[in-house]
Structures are given as C-alpha cells and as structure tokens.
Amino acid sequence: MAATATGIHHRSYTSELRLRATKSEYFRLALMLVLLLVVPFVLDNYWLSVVNTICIAVIGAVGLNILVGYTGQISLGQGGFLAVGAYSSAILSDRIGLPTPLAILFAVVLTAVVGTFFGLPGLRLKGLYLAIATLASQMIIEFLIRRDYGGWLTEGAGYINVDRLEIGGFKIGGRDVFETQWYWILMVLAVLAVITGRNLFRTGLGRSFMAVRDQDIAAEAIGVNLTRAKLTAFAVSSAFVGLAGALTAHYSEVISWEKFTLDVSILYLAMIIVGGLGSIAGAVYGAIFMTLLPEFIQEAANSAESSLPFLANQLPAIQNALFGLIIICFLIFEPRGLDRIWHRMKDYIRFWPFRY
Amino acid sequence: MTSVPDTASSGAAPAAAPEGTMLSLNNVEVIYDDVILVLRGLSLAVPEGKIVALLGSNGAGKSTTLKAVSGLLPSEHGEVTDGSVLFRGQDITTMDPAERVKQGMSLCMEGRHVFEHLTVAENLVAGAYTQPRGNGAEDLEVVYEFFPKLADMRSRVAGYLSGGEQQMLAIGRALMARPTLLMLDEPSLGLAPLLVQEIFGYIKRLNEERGLTVLVIEQNARRALEVAHHGYIMEQGRIVLEGPAAELRENPDVKEFYLGLGEEGGRKSYRDVKHYKRRKRWL
Amino acid sequence: MLTRAYQHSLRGSHLPAGQPLLEVDAISLRFGGVKALRDISFTVTEGHIHAVIGPNGAGKSSLLNCISGLYHPQEGQIRLHSAALGADGTPGETRTHTLTSLPPYKIARLGVARSFQNIELFHGLTVLENLMLGRHIHMKHSVLKSMLWLGPARRQEIAHRHLVEEVIDLLQLQAFRGKPVGSLAYGIQKRVELGRALCLQPALLLLDEPMAGMNAEEKEDMARYILDVHELASVSVVLIEHDMNVVMDISDRVSVLDFGALIADGTPDEVKADPGVIEAYLGAEEEDAEVREAVVKMEDQIEEEHAADRAAAEGTEGGNG
Amino acid sequence: GSDGGGGGGGDDADSDEPIPVGLIADLTGATGDVGTPYNEGMLAYIKWRNANGGVEGREIDADSNDYAYEVPKAEQLYKQYVNEDVVAVQGWGTGDTEALSKAVANDELPFMSGSFAEPLTDPEEAPYNFVVAPTYSDQMRVALNWIAEDSGGGAEVAVFHHDSPFGEAPVADGEAWIEESGLDLGYQSYAMPAGSQNYVGLLSQAQSQGAKYVVIQNVASPAALVAKDIAAQNLDMTIVCLNWCGNELFIDTAGAEAAEGHILVQPFAPMSAEKEGHGVINEYLEEQGTDPETIGTSWVQGWYVMHVMAEGMAYTISEGNELTGPNLRESLETMGAIDTGGVIGEGNIEFSAESHRGSTSTGIYQAQDGEMVELEAGATP
Amino acid sequence: MSNFINQLAYGLADGSILALAALGFVLIYKATGVINFAQGEFLLVGAYMFFTAFVIFGLPLILAVLVGVVVATLIGVLVERLILRPMIGENPISIIMVTIGLSALLKALVQMFYGTRPQSQPAILPRGSVEVLGATVPLNRLVAILVAAVVLTAFTLFFRRSRHGIAMRAVADDQQAAMTMGISVRRIFAMAWALAAVSALIAGILLGDISAVDQNIASFGLLVFPVVILGGLDSVPGTIVGGLVIGLVQQFTAGYWDPGLATVVPYIVLVLILLVRPYGIFGETRIERV
C-alpha cells in the first residue's frame, strides 16, 4: 500500500491519488495558504521584491527541474531560454502591440519551440555531452542578443525598455503598490506552475520522462518513444522557462543581454540541485534558498562591517567566498538537497523517539 | 548440528576467535542510510583453509555481510554501527578497503561489476594491482587456462561481453590478487550449468591445492553445500542456522527451502508446484 | 489452479493457439568481428513457453535484443503475426509485422514485452509507478490534460490502475506497492520486472534469465508466476534460463544456441537427449534419483500449508481496489 | 556602507539628518580592477566631505554594495536602496545603468554612473541619468580629431571595441563624425572577442586595412594585450585608448615598453597631471597617510563624480528646498557650472534641462616611460 | 602567407595552452567522473601561486615553479580530501554543483589576497621574435608551444606506461569494484586532482606571461568545455587535438573573418562535431548493453 508508512488506508484510487491525505498535510496546506495571503501585508517593498524575484525563480526552476531532475537531460542553457521568453514577450507587446497576456502566451510557445530545437542534440547525446551542448546553446543565444545584428532586437539601444504591465485596462501602479500588485500576479502564477508541475508527474506522461531518465533502453522496450519524450520534456520545460523570462521582462521593465548570461544558467542549476533534483517542491525550496542566501550573507556582512572594520575592504570577496563555501558544505552535508532534508525531518519526527 | 536461536546470537559476543580462524564477525550490526537496519548482530567465523557457504533468501543481508567484511559499506551510505570484523585476529572494522585487499582478502562482487570500458586483459591486470609486476603475467596465464573463453576475448571491451562471460571475468579478476581469503558473491549467477560445475570444482581445487580459504554466497545451495566444509544460513540479518555442510544437507528445512527437496529428499517438478509457498521463517 | 476471476485479460494477442506467432527467419548478427548470431531460424507458437538455452555468450540475449528491436541483425527477418479481434470476439484478419525494420518502441506497441538479464527497472520510481509505466502504450499522453489533472487524466490513471492492481495481486507485490524499486531485494525486483512486462498486456513475453540469483524456493515461486501467466492468460513466452530443471519442467519447446548457431530445436525431452546439447551445454549431469519420488508427498504437504497461509494472509492484508 | 559618525552642526532649516545615497559598485566582478578604485574614490570623497562640514552641514550616508557586475544583483540592490529612501544613486557599468534608467525615472532618483553612453545625456530618454564626463562618443570624436591632426590626414583608423553595446556605443557616432567634420580618415571597426589571449587576428585585419591608428573602446587588460601584440609584431601602429583603458592600468599591464607612445583619451586628470582640483585629494591622502602614487585614475573619477552629486545636493539645500530626487535633478539642471578644479576636462561640469551632458572636453595623454603625460588638457570635439 | 604563418603560430600557442588546461579537466573526469567547473579557477590560482613565489618572494624562476608545483599539488589534494571525497558516490550533477561552489570560493580567495587589479610580472618567457617565412613569430609563443608539448607528452606516457593509468580508468568505471581490487580510490582521486592542479599551474604561468596576471585568466577555463567535448571527455590525446582545433579556429576566425565571432565559433564547431560524433573525436562510447 502506497501509504502504509503513514498508516493510512485508502478506500478508493481517487483518494489515494490525491496529493494530500493526512490531517497534518491539510494543515500544512492551510498554513501555506495563509502565509501566501499575509505576505504582502507584513513585508516592506524591498522584501516583497525579493519574494517576487523568488516567484519568478520558482517558475523557472520548476521548468528546469522538469528537464534536468525528472528527465535527466542536464541543461546549461537556461539563461538563453529565459532570454528568448523575455525578448519575445517584450517585443511582441511593446513593439508589435499585442495585449500583454497574449504576448506572454506567444513568448511561452516560442520559447518552447526554441527549446525543442536546441533539444534536438539531446536525441543523440548523453549525459555530460548534452550538458555541454546546451552550454553551446547558451553561448549562441547570448551572443545573438549581445551582438544584436543590425539592431533587430533592441533597435540599436542595446536594451529594451518594457512598458508597465497592463492587463485588460488594469495597469500596475507606482512605487507604493508596484510590488504588491506584482506579488499577486507572480504568486498565483508560481503556485499554478507548482501545481501543474506536480500534476504532470502523477500522470503517464511525466512517468515516461522519469523512465527516460532512469533507464532509457528499458523505457524504449516498454513502448516509450524516446524522441518524443525527450523533445516533449524540452518543450514543456522551456515553456515554463519562457514564462519566467517573459515575467522577468515585464516585472523588471527593462531587459538587456547582461541579464541572461551563463551565470544565470548556473544559478538556476544551483537552485534545483540545492533544492533537490526531480522534485517540484525541491525547485521551490531551491529558488527560495538561492535567492535569499546572498541577501542573508549581505546582511551578515553589513553587521560584521561595524564590528570588524578592518575587514571592510575584504567583505565583498568574503561574501563571495562564503557563498561558495555554503554551497559546498551544504551539498556535502546533503547532496540530495533541501527536499531530502525536509523528508528526513518528517521521518525523524514521525518515528520519534525511535531511531529506526 | 548447532542451531543458533535468534536472540542468543545477538547476545554475548564471542570474545576472541578460536585458533585458526581467518575471519570472524562478532555481533555486527549494519545500517544503511542511517535508518535501514540490515544486519542485526551477525556473528560468523571462517576457519583458515576451509570453504564456508553463506546461504539465505533474497534480502537476508548476505551481500551486506561481505560488504562489511571488505569495507565497501561507506560507499553505499552504509555503516557498521556495532560489533567488529576480525581478520587474522586483527580488527579491520574501519580499515580502508584497499588496505584489506593488501592484507589478502579479495571479493568478487555480486552483479559482476567488471570495468566496462577496459578490455578483458586490462580488467585482469587491474585485478593484480596489489601484486608485484612479475606475478601478474604468471597469474594471467592461470586464469586464461581456467577460462579459455577469456583468453579468446582478451582484447574485447568488457562492457560488451555476455552476462556469463562477465561473470567469468569477475571471478578471474578476483583471483589475480592472489588472495588468502576469497569471497565470492553468487559466483554461479547467470552461468551455464556446465560452467557452474567447473567453477565449484575449481574452488575446491584451489582450496585443496593452495589452502585458499573461501567464503561463498550461493543460491545454488546444493552445489555450495557439496563443496563447502561449513555452512551458515541467514534470515533477516541474523544467522539462524549453522553447521558442517554435510549436516546442513540433511536438515529438513534446508532441504525444503534451499535444495528444493521434499522431506524425503526428492525434487519435484516446477510444473507441479501448484501454489506459492509461504516462506517458513526461523524467526 | 487459481480460481480467482480476473477482470482483464493479460494476453495481448488474439491469434488462435497453435498458430505461429513469431518467426525468426535466418538472422545473423555481427559486432565487428564477433559473430553473435549465425543464420538462426525458429518459430514461436502461440500459446507456448519457448525456452532458449545455451552456454554463456552463445547469443541468447542478443537474440532477444533482436526481437525487441534493440539490436539490428545484419541479415534475416523477424516477423510477428497478430490478429485483429472480430466483432464477435473471435480472431479476425491476421497481419504480419516485420520487427527487424521497426524501432523498439513500436515493437513494444505490437505487444512484445520483455524483462532484462540485469534487472533494468526505473530505479528512482516506486513499484506502482514502474508497473503503471507498463501501461504506457495503452494510455494517451496530452501535455495539457496531464498538467491540469482534473478530468480525463485522472480518470485514465484510475482506469489503468485496475489492471495494474490485478498484476500486483497476481504477483503478490501488494506489500511493495509504494516502495522505490531501488531498495527492494533482488528477487522482488525480478518480479516487478515481470509485472511491468505483464502490464503491457503482451502478445509475446520475452524473459531473460528471470530466475538467476534466486534460491530454490524463490525459483519455484517465479516458475509458478510464469506458469500462471501462461495458464491463466495464455500469454506466449520466450524464456532464457540456465536452470535446466526449470527449463525442462515448464517449457513446451526448447531452442539451443551455441556460438551463435542453433544446434537443436525441439521438445524438452528431445533436446535433453541430444548429444550435441549435452556436450556443449548440459554436461553429463545425472538427475537426482530421489527427485521424482518425493513429488507426491510434497504436494500434499504444500497444499495444507498454503491453505493455512491464505487464511492468515487474508487477515493481515487490506487491499485497496 | 559608510556609517555616519558624529553629527555636524547643521545650519539647514529643514533637517540635519544624514543624506542617504546608494552606491552600486563592481568590486569583485568582471570590471573589479577599475570598479574597486572608483568605489573607493567615492567613499573617500564622502568621508572627506563629511569631515569637512558635510553637505550644508548634513552628512552623506552612503550604502555601498558590490554587485559583481551582475545586472540582476544590481536591480536587487537598487530596490533595496529605494526602500531605504535614498535621494540619489551612484551606479557603475553600462549594464546596470541601462537596466535601471527606466526605474530611476519612475522613482525620480538622480543617477550617475561610470557609463558615459550618448543616449543617457538626453533627458527625454533618461530624465534622471546624469553623465558627468564627456560621452564615449565625444571621446571618440576627440580621438579622431587628434588622429587627423597627428597624421596630417589620410590615415586609416581601426576601432577595436568590446563586443557589446558598451563597446559599440561610440562606433557609429565616430563614423558620422568623420563625415560631418570632413576628416580625411578611413574607418573600420572590429569587435574584440572576450577572453582572447592575443589580438593578432584583429591586428592583421587592421593591417590589411592599412591602419596606423587603433582606437580601443574596452577595459585596460585587453587593450594592454593589443599593445603587447603590436610590440611583438613590430607593427607601426598607435593605440588611442578611450576612457576605460586610458589609464595607468593599461600602461602597467602592457609594461612601459609596450605602452610607450600610445595615446590615452581620459577626461579625468590622473594625479600625475597635478591639477588644481587634486589639491583636496592630496590633502585628504596625506591625512590618511596614503601615497598619492598609488591612486589611480578611476579613484579620481569616483571622487569627482561624487563631488558633482554632492554639489548638487548642497545647492538644493542652500536654495532652501527639501532634498528630494526631483529637487536634486532640478538643482543639477539649473545650478550652473560645478567646478572640478581642472580635473574633468577643462574643469567645469554643467547640466541643463535640455542636456545631461556634463562636459564635452577631455584630456589627452601619452604613455611615456610608463607615465601618463598630458598632451592636451581640455580637448573638445 | 606570412600572415597565415603568423596566425598559425598564435593559434597553435593558444591551442597548446588550452590543451594543458583541458588536460587537468580530462584527468579529473577520467578518474573520478567529475566535471570540474573550477578548472578556470585552478588556472587562476596557479598563476597567482607562481606570481607570489616569483614576484612577491622573489624566488629564482626554477625555484618559483617548483614551489608552485608543490603548492598546486597540495591544493589539489586538499580539494579532493575536503570537498570531493565526502561526495564520492553521489549524483554527478550534485558534484558538478560542488565544483561550481569551489570555483566561487577559489576566485573569492584570490580576490581577498590579491585584489582585482592586474598584477605586473616581469617577463619569464623570452620576449624577442623570430622571422619564419616572412612572419614575425614571437619567441614566447614558441616556448609556450614547446612547454605544453613536453608536459602533454610526459602525461601521456605516464598514463600509457604506468599501471596508474589502468587503475584510474578502473576507478572511473566502477569505484566499488576498484576498491575490491585493492586500488585506493582515495589515492587515485587525490592523484588526479593534484595532477590537474599542476597542469593548470603550468597553463596559468604561461597565460599570465603572455597576457596578464589578472582575473580574466579564469574565463579561459570556460573554453575548456568545447576543447574536451571535441576531443572526447575522457581522452588525453583528445585534449591535444581539441585544444589545437579550438585554438586555430578562434585564431582564424579573428584573423580572417569577424573577430567577434571568435567567442561563439568554438561552440558552433562543438555542436557540429557532436552531431557527427556524439562522444567527441576520441571519447569513449558509453556502454549500454542489456
């Protein structure tokens, strides 16, 4: 029985297939909901902007995890795909004049198409060879938007200013309400991304992705069309990433090539690894962790500055060193990420006080 | 025959191993992933110059026992949390696995584990890593002599060999280290009957001619108990039965569950087994 | 005989028993200089358990790989026959598919399911998920519906769950349903692999050493599972196995390979007596004289024990479905 | 950030609160070699100013953080500063300046940076950006004028530029300038691949073009590599470095020998040029016990960019206005010239409501014996 | 013609240094299956170690190189011991991430001690140039090619001749099985990292001399990827071929085409090659048989 460990007996498949079963799970859900609802009322604009950044990162990380964590196709091209989403949505809405939601939708589709195209090498390449091939897609896309041949992207400016978001007559307001209004949009989208991501992996399609990851020969032998599964994974993943990119464009209101460098690809990879590969919840934890970590390090550095003034000159380097060190230590401590830590904690509490 | 009751084995630890014991495990407890308790106070002894068979159903912890002896547990998130492993009287519970090989023990792992990208010859050379160069060439010939098939395939890439060919290679490779204690984890897995017969013959020969001590895990209990001097039977991480091989062969439970024989010692046709048997447990 | 009534048939073929199901026609397979298969021909009959035996490296697994499309023989053809199900439930028009020109996943879609010599399960997934993956070819996979979950996707999951649960029942995997397969004992994994293949509702089941690494008792279980599948669902099976007792006991026909060539093909008794086979493979191994004698006694004893266990099992196991 | 120590005697009617300013600096990123001294110069100026009466008696409270040349991080920092109610922001690179130009307009926060791109001078485009030095384009124009004069006409010019909008910023304007002012110069541009270990490929292309002059719009390290390659190839070419490579780092990295004779267009006078405006810096350095020799051009840049902003603040307060972003912007546009003692170009920085171009004049230097030697003090296009 | 020779010489020199940098990368991959994203930072650290010994401590050249080698070895071993060993047996992606963390750490450490300003270091390779078929080929590039050739040959021989070569490959294939052969996985790992650090040190010294001792050296590390993929992730001869190909392709792109393209052309070449040979030119095919 799926849930023997928790001592639950399901009376129907419907109930077993539910994501949540126990009281405590429902309790946690309720707690989460309340948390999400009160956030804009307790945080100031700055921290709200951090939360908004996290929401976008969640969408992108869920997308990347679909590809890397669930389908086993390592991608270093995240930055490039974010750029495709961001540029296409910005151009479609501001220059071509499509209504923004439609522009975002098109951007999502376009990114899925581009992602699928760059996924083609994945049909022949395995593992790290594929990872490096996606690195090539990152470099090529980055080059194209940086070079901006003939100003086809930015009309020579090198960057694109994006108009303030307007959806069917509703326009995001000024400084005071900007973050709050964006929060509602981004939070809802992030939650939707998480839910659809979760759903995907309780159905046959998602399972076939995981089958490709675990044992591609056996997957073929049970009738999974590898080509289709891999390309679908690239498309679905890129669609999420494209959404994150488009939202980046409209939320930050200006885009330039420097926002979509390899560092961004690596940051996203860090999110899903630190969060937990092959886990939607992991992508969420990772997005939160990797966004907050520099904030906390900076806070710590700022408070250290007054107490240790002689370190002042070294602080930026120390912050970077600390960042590297924390990632290393974290992965040594738990290579399988935050999601795993969370499960271990739950197990520990469940079995307490027994050790086994 | 000595039948060890379940609690007694985890109770008092045999203090010092008797004279002539090459390997002994005392009350060994192994945990995987900090939570999965697999060996629950296991004790066994392998006398010098003898062949010992370790039998038990799937998941009893046989392979885990060998991993504990050869020090492979840490690489699988496993850990010996209690008890000790003594090799020639020396405590090796926490010794580096490579060091153990230098001390003279050699393990042929379950599931073959050949070096896929190396050729057959390179696999064998890797097996002689701890040996001075001179020995390698000599031993190579011995192995080829025993497995002529390997000699034909010496420059083939091991990963493409058939299952049984890989098994031969794995056994040959283990011998290249010139062990004094050879541990074999299901050596007959996937081997054709003729070859199984030969391998056990060879084990016996090595034992008789060179005094090699052997600890063998085997599902083909009949074969194993034929060549072994002594046998242990494991269930759920404990030794539940032990004794001289000849005695074990006569034990009705062993007959039924490991030899596939009835009380009377006859084998029945698989076609005639009408029902799944509920496994009889000693525990 | 088991009496339990199954809702679903695990058999994916509608050919009448006794018809040729799979024809291996003069195939040869080479890897560089290695001749893995040389001009092999034989026919698998619908409703048979067809064993393939031979020394190590004889080409048995390669043969299976050719059938399931993972290897492509340089010469020869492999043909699979299928029959459409007529309106009245009787076999209709037959069709022939040339497997040698199809990719593996299409062959799987024709109902050729298999297990592997070195268990190839999806180790990150649970038993249930592995088995559900066996249903892959019977399910529809729409991205949007999957992500939305409500409605069609969920109904489909539940519909296929019913058959999977039957397989779980049949193979007695109830206790492992939610466990990740990676952490299961070897024997159970083998059983899950069989289950995954069964969930495909195979027309032809290919098993590569399903009993390797098992003790006598587990082998008996496994043999029984295979026979059940065969007897209850009339699934045709191609079986590779080194344990001669198993092969001789349960197979209808045996093909023997040596050095890539077919050296014998016939009923178990014919093959067993073939001097070429004895020399190449079996060795002069005398059957235990006592074996057959004990059979009758065993049966009674087991019958009793089983009845008792069943009673006990019913008390502890709460199935859900 | 620098914490405001003791309070100075405030004579302002409204407030004697410290003035919060946000600094976005590259200390550890790709341009950390110049970003660090630039930031240090700014912080030094603030320290000096606070110690010397502050801005009309009010201290400047700077929050300075590293963004490692990563634009998303710069945006994050900017939001943090907005939240801290800063009245102005000092940025750094082209990327962050572009990324923030719209936000600072929305939030009405005057913004200066080390990016001197032409579009930033247009208040229509970027109403809150102020470009303190002559733009890259103006520097390019000055460079081309100088080349035309030095060669006596008829020379070929190769422009080597960083392969990005930053690098390309002055390229088209340069070409237009040749046309416009009827200079007799050939002109061709080449993108410099990042991370290259030699520029012999570009040089050979420049050679086939017949170029005797190479204008470089890039940072010091790659420019120095070009100088080394020219020396190794015994080519007869003169480099004209604009702004970010027109500094002592270029000379040090290339080595005095390879740098000899090359031209540096640098709007901010280095300490060695001994302008009047260096006096305060020398005073300050003496107090701190720092050797002026170790002070680079970027440090001086930082100091005087901060100076311009501080003067704007002082003017706002002295006019009796509340120190807010819009008021600061208005002050900068209307206050008239800000004197830099000859350090920036010919010395005066002046903005207007029509143009946020602070100056069009720049110094021209030549590398001689490892030093920057002034050829011309206030060259204008 | 002379121009061509010139480009060739520069391309080969860059290519040889790339091959050296890639060598360390391949050694680590070969023995431990780890993709080392910190390879660029290894070059950086190498260059600064040598700078410290040579300029700051004023040691004679040979001694400075030796000190550099010792320190590099030490760093390699330490990195293995403290960071990679606890990760043995983990998912390769997690290990990649650890090396990314390591790269951030190493770079930050260099910044802490040396700042971000380029350091001036007196020339160590001869500065003049020789005329070859009308081309002015600088001596320092020729020496760089020579040094790289010697080091690469030495490494190749070491792996051919010594049983460490086989042991290394065995470890890469199956760590557990290697342990049962008495091969000390830890020692092999430490050796791989130490050798990688040493080859990075040599590449770093060469790079520092021909360009500058500054942070940009680290970005050279990224080019290692096209190099190793081209040659095959696990092939020592492959690094040489890959290094030279990438070096020349870049050089000729810059010399005869659009110089800006030189940054992406390696990646385009890489994708093209992978489409024809999915495991690079000399890479080992992953064995998948069932």
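The letters A, B, C, D and E name the chains in turn, as written, and every chain counts its residues from 1.
Going forward, contacts are C-beta pairs under 8 Å (C-beta built on N, C-alpha and C of every residue); 3 or more make two chains touch, one makes a residue touch a chain.
Quick caveat, the model's predicted, so the values are computed rather than measured.
Engineer: Starting at subunit C, how many touching-chain steps does it take at least to reach subunit D?
Structural biologist: 2
Engineer: Report the chain whose mean Cα position is at the greatest distance from that of subunit B.
Structural biologist: Measuring from the centre of subunit B, the most distant chain centre belongs to D.
Engineer: So which chain ends up in the middle if you average the CA atoms?
Structural biologist: If we average C-alpha coordinates per chain, A lands closest to the whole-structure average.
Engineer: Which of the two pairs, A-C or B-C, is linked by more C-beta contacts?
Structural biologist: If we tally the C-beta pairs in contact for A-C and B-C, the bigger total goes to B-C.
Engineer: Greatest Cα-centroid separation from subunit C: which chain?
Structural biologist: So the farthest one, by centre of C-alpha atoms, is D.
Engineer: Using mean CA coordinates as chain centres, what's the gap between subunit A and subunit D in Å?
Structural biologist: 37
Engineer: Averaging only over C-alpha atoms, locate the centres of subunit B and subunit D and give their separation in whole Å.
Structural biologist: From the centre of subunit B to the centre of subunit D is 75 Å.
Engineer: With chain centres taken as the means of their Cα atoms, state the distance from subunit A to subunit E in Å.
Structural biologist: Centres of subunit A and subunit E (C-alpha means) sit 32 Å apart.
Engineer: What are the residue numbers in subunit E that touch two or more other chains?
Structural biologist: Expected reply: 107-108, 111, 222, 260, 263, 290.
Engineer: Which subunit C residues touch at least two other chains?
Structural biologist: Residues 61, 70, 116-118, 120 of subunit C touch two or more partner chains.
Engineer: Any chance you could list the residues of subunit D touching two or more other chains?
Structural biologist: In subunit D, 27-28, 163, 191 touch at least two other chains.
Engineer: Mind pulling up the subunit E residues that touch subunit A in the complex?
Structural biologist: By the definition above, subunit E touches subunit A via 35, 37, 83, 86-87, 90-98, 100-109, 111-112, 222, 225-226, 228-229, 233, 260, 263-264, 267-268, 270-271, 274-275, 278-280, 283, 286, 288, 290.
Engineer: Mind listing the subunit B positions that touch subunit E in their complex?
Structural biologist: By the definition above, subunit B touches subunit E via 70-72, 75-77, 96-102, 106-109, 113-118, 122-123, 125-127, 129-130, 157, 159-160, 173-174, 177.
Engineer: Taking the complex as given, what residues does subunit A use to touch subunit C?
Structural biologist: Residue positions touching the partner: 1-5, 9-14, 16-17, 196-197, 199-200, 202-208, 210-211, 213-215, 217-226, 232, 235-236, 278.
Engineer: Touching residues of subunit A toward subunit D in the complex: what are they?
Structural biologist: 44-46, 49-50, 53, 146-148, 154, 157-159, 161, 174-175, 252-254, 256-259, 261, 263-264, 294, 298, 302, 305-306, 316-317, 319-320
Engineer: Quick one: which bits of subunit E touch subunit D in the complex? Just the residue numbers, please.
Structural biologist: Where subunit E meets subunit D, its residues are 3, 6-7, 10, 13-14, 17, 107-108, 111, 115-118, 120, 123, 127, 129, 136, 138, 140, 207, 210-212, 214-216, 219-220, 222-223, 250-256, 258-263.
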